[in-house]
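Structures incoming, each one as C-alpha cells.
In what comes next, chain A is part of two complexes: it sits with chain B in the first one and with chain C in the second one.
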Partner chain A sequence: MDVFIQIIATGATLGAMYALASVGLALIWGTLGMFNMAHGLFMTIGAYGSYSAVAYLGLPVYIGLPAGFVVGGLTGCITHLLIVKFMVGTRNFGTNIMVATAGVAIVLEDLILKGFGAYPFRQPVSLTGGFRVGNVVVTYQSLVIVAVAAALIAMTAFLLLKTKLGRAIRATAMNLDAARLMGVRTERTYLQVLAIAGALAGAAGVLISSLATLSPQMGGDPMLKAFVICVVAGLGHVGGTGLAAVSLGLIEAAVQYFLGVRFGFPVMLGLVILFLVWRPNGLFGKKVVVRL
Partner chain B sequence: MSDRKEPRGTVPTNRRNFLKAAGAGVGSAAVLAGLNGSATAASGEPIPIGCPAPLTGIVAADGIEFRRGLELAAEEINELGGILGRPVELHFVDTESKGDDVVIQAAQRLVDRQNVHALITGYNLETGTALFDVVADASIIAMHANTVAIHDETVKSEPDRLWGTFQIDPPEIFYGVGFLDFVKDIEAKGQFERPNNKIAIITGPGTYSVNIANAMRDNAANYGLEVSLYETVKVPISEWGPTLAKLRADPPAIIAVTHFYPQDQAQFMLQFANDPTNSLVYMQYGASLAAFRDVAGEATEGVVYATVIGALQDEIGKAFSKKYIARYGANSSPNSGGQTYQALHSYAVAAALAGGSGAPYEEEQNKAVANRLKNLIYRGPMGTYRCVPDTLSAYCYPSQTNDPSLGMPHIFSQVQDHKSDGVLIAPVPYDVASFKTPGWMKS
Partner chain C sequence: MIISPALRKNFVIAIAVIAGFALVPMVVTERYLLGEVIIFFFWAIVASQWNLIMGHAGVFSLAQMFLFICGAYTTAMLVQFGDLSVWLAMPVGAVVATLAALIIGAACLRLTGAYVALLTFAIAEVVHVLIITDTECFRHISNNCQQLFGGATGFSRFADFGFRKILKADWMLGNYYVVLTVFAVTIFATLVIIHGRYGLAFRAIRDNLGYASSRGISRFRYQLIVFAVSAFFTGAAGSVYAAHFRFAGPSLFEFSTLMLILSMVIVGGLGSTWGPFIGAAVMMIVVEWMKEFGDARNIGMGLALVLFVLFMPGGLAGAFKSLWGRIFDRTPKPAAAPDTNV
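The block that comes next holds the complex of A and B.
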C-alpha cells in the first residue's frame, strides 16, 4: 500500500508539472499550427520572474507564482508582437516559425545568462515539510504543484469552453477563414493564445524550479517531455494533453520504483513509440487536426 | 634600486605586490618572484592561457568557479611580474556542460585562434580523454581535474605522445575504498555506530560516479557491509521520491550518493529531510560547493562529503579561501575555484623554471615545461601537487603515500553549519574537527 501511495504521490507531481508545461504548447499548436520552440524558455523566464519578484523586489513569497504567470504571459505577448504577427499566414509558416522561435529561445537564454549568470539559484517560491499518508510522507510542495496545475488547467478549460474568448479561439482553430467571416478578430485571438500559453508556461516554470533549481537551461528537459506528451495526446488536443501528461507521470514513477530510476524516461519513450505505431495521430488526434 | 627596465605589459615586482600575491603560498610565490627578478624577458608579450570550462549548463556552478580561480591566480602572477616578465592572459571558451565533441572543439579553438601555450581547467563532462589529441597535436600543456582513471590508462598507453596532459589531482579510483576506510576510522574512534550493516549506493550514469560506486560495492563486504540498494539515476534528477521510498522501505546504515551535481544532491537532502532514515549520508564532491548549501539550507547539516582536490583549512588554505570569498562573495566556492587557481600557479612556476612557456608547436620548450611539471612538488591551498611519473596524475594521500607533504589529500568534510563551508574531519593532519552525528540520526 505504501508503495502505491508513493507512486501516486510522485506520479501526480511529475504529471502535474508535465501537464502544465504541455497544455500551452498544445494550445498554440491547436490554434496557430505553430510548434513553439521557445516554450521551454517561457518556462525559464517565468521561473526567473518569480525569483526576481521575491529575491530582488522583496515581494512576499505568495506573489511569486502570479509573478511568474504574468511574466510568462508578457513574454508570450512580446513574442507575438515582434515575431509571430509578421509570419502567421505566410508561406511555409509551420517550418519558418519553428526556426524563428528556436532563435528566440537562443536569444532569451543568452539574455538570462547575461542577467543572472549560470549559478543554480534556489526557487524561493516553495514550501518545506510534508504530511503522512500511511507511512509515506507527501510534501506540501507536491500538494501545491498538483493543486496549482489542476486549478490552472481547469481555468484554461473553462476559458476555452465557456467564454467568448474561448469560442473565438476555438473558432479560429477550427477554420480561420470562417472565423474571420464571422467577425472574429483572429490576430487578437493569436495574441491572446500566446499570452495564455506563455502564462501557463511561466507558472509551470515556477513549479518545476521549486523542485529543481533555476538555471538558464532549465526549460529544455520539460519542453522535450511536453513535446512527447503533446504527440501522444495528438498534437493540438488540450484536454488529451493533460490526461496524457498525468498518465505518463504515473507510468514514469512506477517504472522508476519497480525497474529503477534510470529506466523511467527510456521506458516512457518506448511506450510512446509503440503507442504511435498503433495510433499515429496520437490518443485523441485524427487525420485532420482536431483542436480542443 | 634596480635599473632593469620592466618589460612592456608587465607590472613591476616589488615587496607590496609580492605580499599581495602571497595567497598562493608564500613559498611558491617567492619561487616565482625570485625567478622573475632575475629574468630578462625578450618581450613582454602576454602568454595566452586557455580554459575550456562548463560556464553554462548543469555543472556551471563549478565552471564559474574555475574561471574565478584562474582570474585570481593570473592577477597574482601578473603582480609578481608574470612568467619571466610576460603577463598571463586568459581566454575562456564555454563547453556548456557538454561532452567530448564540444570540449574538443573548444580546446582546438583556443589553440587555433588564441595560440594558447597551455589549457588549464577544472573538469568537463567529457570522458576524460577529450584534450589528449588536441594537446598532443599542438605540442602544448594541459592541466585538468577530471579525476578519472582513464587519464592514467591513456597516458600510460602512449607516453611518448601524451607527455603534455596532466591531471592535477588523483583519479577517482581512490574514492570508493577511501570512503569505506573513513567509515571504519570513525567507527574505531567511537564517533559513529552503524545501526545495521547495510549500505545503499546511488550513482549517476557517468564513468566517474559509476567507478566510485562500483569500488564501494565491490569492497563493501570487506568492511562487513551488505549492499542493500544499488541505484543508477538519470541526471539531472530533481524528483527523488521513488529512490527515497526504497531507502525508507529498507533503511541502510549508510547512504552513499556518488552522483555529484550539487543541485541534485541538494534536492535529495531537501526531500530526505522530510522523513529521514537513521543513516549516515555521504555525498560525492558536489556537496563541497556553496550552491549545495545555498539550495538545501539546513537540510544539509550533517552531510559528509569528500574530494581529492578541495581547499584545506590550514594556514595556506584558509588564507586563500578568505581572499577568494572576499573577492567573489559568500556564495562562491574556494573548493572549486582553488583547482584552477593552484593549477595556474604551479604552471607558472614550472614554466618559469623551464625558461619560459612555449607557443603551439614549440615542442622542445613545452617539453621542458612538462618535465618541470613532472618533477615539481607544489604546495598550494588544495594540498601538495606531485605527479606520478608514468600517469601524469597527482599522488593521493593517504592512498598512495603516507607522507601528507607528498600527495594531494583525499579530504573528508562535514557540513556542520549550513551557513559556512563544511569542516574538514579527515585525514590527519589536515582535520580541524571531528565527525558529529547528524541531527536526523540522533532523533
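The block that comes next holds the complex of A and C.
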C-alpha cells in the first residue's frame, strides 16, 4: 500500500510538471504548425527569471512564480516578433522553424551560461517540509506543484474554451483562411499563442527547478519528455496532452520505483514507440485521410 | 547503371575536389592545419549524409550524430575489449550503425515530419543518458573501473591505425589519406544516390506523392534504404574518427555538436549537392574565427542557423545558384517554375 501511495505521489508531481511543460508546446503546434525546439529554454529562462527576481531584486518569494511566468511569456513574444513572424507561411516552414528555434535555443543557453555561470543554483522559490500519508512522506512542494500546475492548466482551458481570445486561437488552429475571413487577426493570435506558451513554460521551469537545481541545461530533460508526451497525445491536441502527461508521469514513477531511476524515461520511450507503431497519429490525433 | 549528364558533371567536380585534397599535404606541412582538414572531412561526411536524408529524402532525422557515435563506440569497444585491429573494427562499426538505422527507421519512418524529428532526438538522448549514468564495472584497468559502454568518460588511448610505427614523424599523413579515402568513397556514393534512381524517386515523391505511390514508389521503403545507406557512411566516418583520435565518449552526444553539423547543412544549402561540403568548410572557419572573441562558438552557430533560415533558406549553394543563373542564364524562364531544389 505504501508503495502504491509513493508511486501516486511521485507520479502525480511528475505528471503535473510534464503537463505544464507540454501544454504550451501542444498549443503552439496546434495553432502555428510549428515545433518549438526552444521550449526547454523558455523553461530555463522562466526559472532563472524567478531566481533573479528573488535573489537579486530582493522581491518576496511568492513573487517568484509570477516572475517566471512573465519572463517566459516575454521570451515567447520576443521569439515571435524577431523570428516566427517572418517565417509563418513560407515554404518548408515546418522544417525551417525547427532549425531556427534550435538556433535560438543554443544562443539563449549560451547567454545564460555566460550571465549566470555553469554553477547550479538552488531555487529559492520553494517550500520545505511535508506530511505523512501512512508511512510515505509527501512534501509540501509536491502539493504546491500539483496545485499550481492544475490551476494554470485550468486557466488555460478556460481561456481557450470560454473567452473571445480562445475562440480566435481555436479558429486559427482549425482553419486559417476561414479565421482570417471572419476578421480574426491571425498575426496577433500567433503572438498571443507564443506568449501563453512561453508563460506556461516559464512557470513549469520554476516548478521543475524547485525540485532539482537551476542550471543552463535544466530545460533539456523536461523538453524531451514534453516532446514525447506531445507525440503520444497526437501533436497539437491540448486536452489529450494533459492526460498523456499525467499517465506517463505515473508510468515513469512506477518504472523508476521497480527498475531504478535511470530506466524511467527509456522504458517510457520504448512504450511510446511501440504505441506509435500501432497508432501513428497518437492517442487523440486525427487520422488524416489523404485524397489523391 | 545509366550515367546521366548531371551525374557525369558532378563526377568530374568530385574528382577535381578529391585530387585537390590529395595534394594538400604537399602545401600544408603544419600538423595542426592538417588535423583541421581531417576534422573537416569528418564533419563534411556527416553533413553530406544528413543532407542526403533530410534535404533529399525528406526525413527530418535528428539521429545523425547518434549513428556516427554507433560507429565510433563499436570501433572503440572492439579494439578496447576484443583486442581487434582497428582495420577490422572499423567496417564492423559502419555495419552496426547501419543496423541501428534500420531498427530506428523501421520504428520511426512510418511517421512523418516532426514526429520523426522528435523520436530520433529522444532515442539518441535516451542512449546518451543510459551511457553516462551507467556505473556498473565491466572490467578493471589498474584499479580504475571501466563500464561496458565507457560510462561518463568514454574510451580513449586505444590502438590506432599504426602509422606511428611505419611513418614515424609523418604518421599524420597516413591518417590523412585514410580519412580522405573514406571521404572520397562517400562523395561518389552520395552523388550516385542524389543523381541516380533514388534521387528521381525522391523527387517524384516530393512533387506528387499520390502519383508516385500509384506508380509503385513506396515512400517508406525508399526512405528506409537511404536512411540505412547514409547511416553506413556516417557510421564509417564515426569509426575512422574513433581510430584517428583514439577516442569515443559521451561528449560526442553534446547538443552543440549536433547543432554544428546542422548549421553546416543549413548554411551550405539543404537539398543541394555540394552545399554541405561548402557549409562544413565555412562553419569550421567561422567557428575558428569566433574563438578569438572568447567562447562565442555556440552563439555564432545559433546565429548562423537563425539568420540563414530567415534570410537565405537555400543556403550558400542556393544563393550561388541563383546568382549564377542571373549572370549566365538569359533565357526567359516560364512564370512560376516549380522549384525542385527543396
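Here is the rule we go by: the second predicted complex is superposed on the first by the 287 of 292 C-alpha atoms of A that agree within 3 Å, B and C clash if a C-alpha of one lies under 4 Å from a C-alpha of the other, contacts with A are read in each partner's own complex, and residues count from 1 in each chain.
FYI, contacts are C-beta pairs under 8 Å (C-beta built on N, C-alpha and C of every residue); 3 or more make two chains touch, one makes a residue touch a chain.
Predicted model, so just to flag it, every value in this text is computed and none were measured.
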item: Fit or clash between chain C and chain B when superposed on chain A; value: clash
item: Partner chain(s) touched by A:Ile169 [first = chain B, second = chain C, both, neither]; value: neither
item: Chain B versus chain C as contact partner of A:Met43, first or second or both or neither; value: neither
item: First (chain B), second (chain C), both or neither touched by A:Val277; value: second
item: Partner chain(s) touched by A:Ala179 [first = chain B, second = chain C, both, neither]; value: neither
item: Which superposed partner A:Phe265 touches (first chain B, second chain C, both, neither); value: both
item: First (chain B), second (chain C), both or neither touched by A:Phe86; value: second
item: Partner chain(s) touched by A:Pro120 [first = chain B, second = chain C, both, neither]; value: first
item: Chain B versus chain C as contact partner of A:Leu65, first or second or both or neither; value: neither
item: Superposed model, chain C segment overlapping chain B, candidates 6-14, 78-86, 132-140 or 276-284; value: 132-140
item: Where chain A meets both chain C and chain B, residue numbers; value: 262, 265
item: Chain A to chain B touching residues, read off their complex; value: 2-3, 6-7, 9-10, 13-14, 113, 117-122, 128-130, 132, 135-137, 139, 208, 211-213, 215-217, 221, 253, 256-257, 260-262, 264-265
item: Contacting residues of chain C [partner chain A, same complex]; value: 54, 60, 107-108, 110-111, 113-115, 117-119, 121-123, 125-126, 129-130, 133-134, 209-211, 214, 255-256, 259, 262-263, 266, 270, 295-296, 298-299, 301-306, 309-310, 313, 339, 342
item: Touching residues (chain side chain A, partner chain C) in the complex; value: 29, 35, 83, 86-87, 90-92, 94-100, 102-107, 109-111, 114, 220, 224, 227-228, 230-231, 235, 262, 265-266, 269, 273, 276-277, 280, 290, 292
item: In the complex with chain A, residue positions of chain B that touch it; value: 55-58, 60-61, 63-64, 205, 231-234, 236-239, 241-243, 245-246, 248-249, 262-263, 266-267, 270-271, 273-275, 291, 294-297, 331
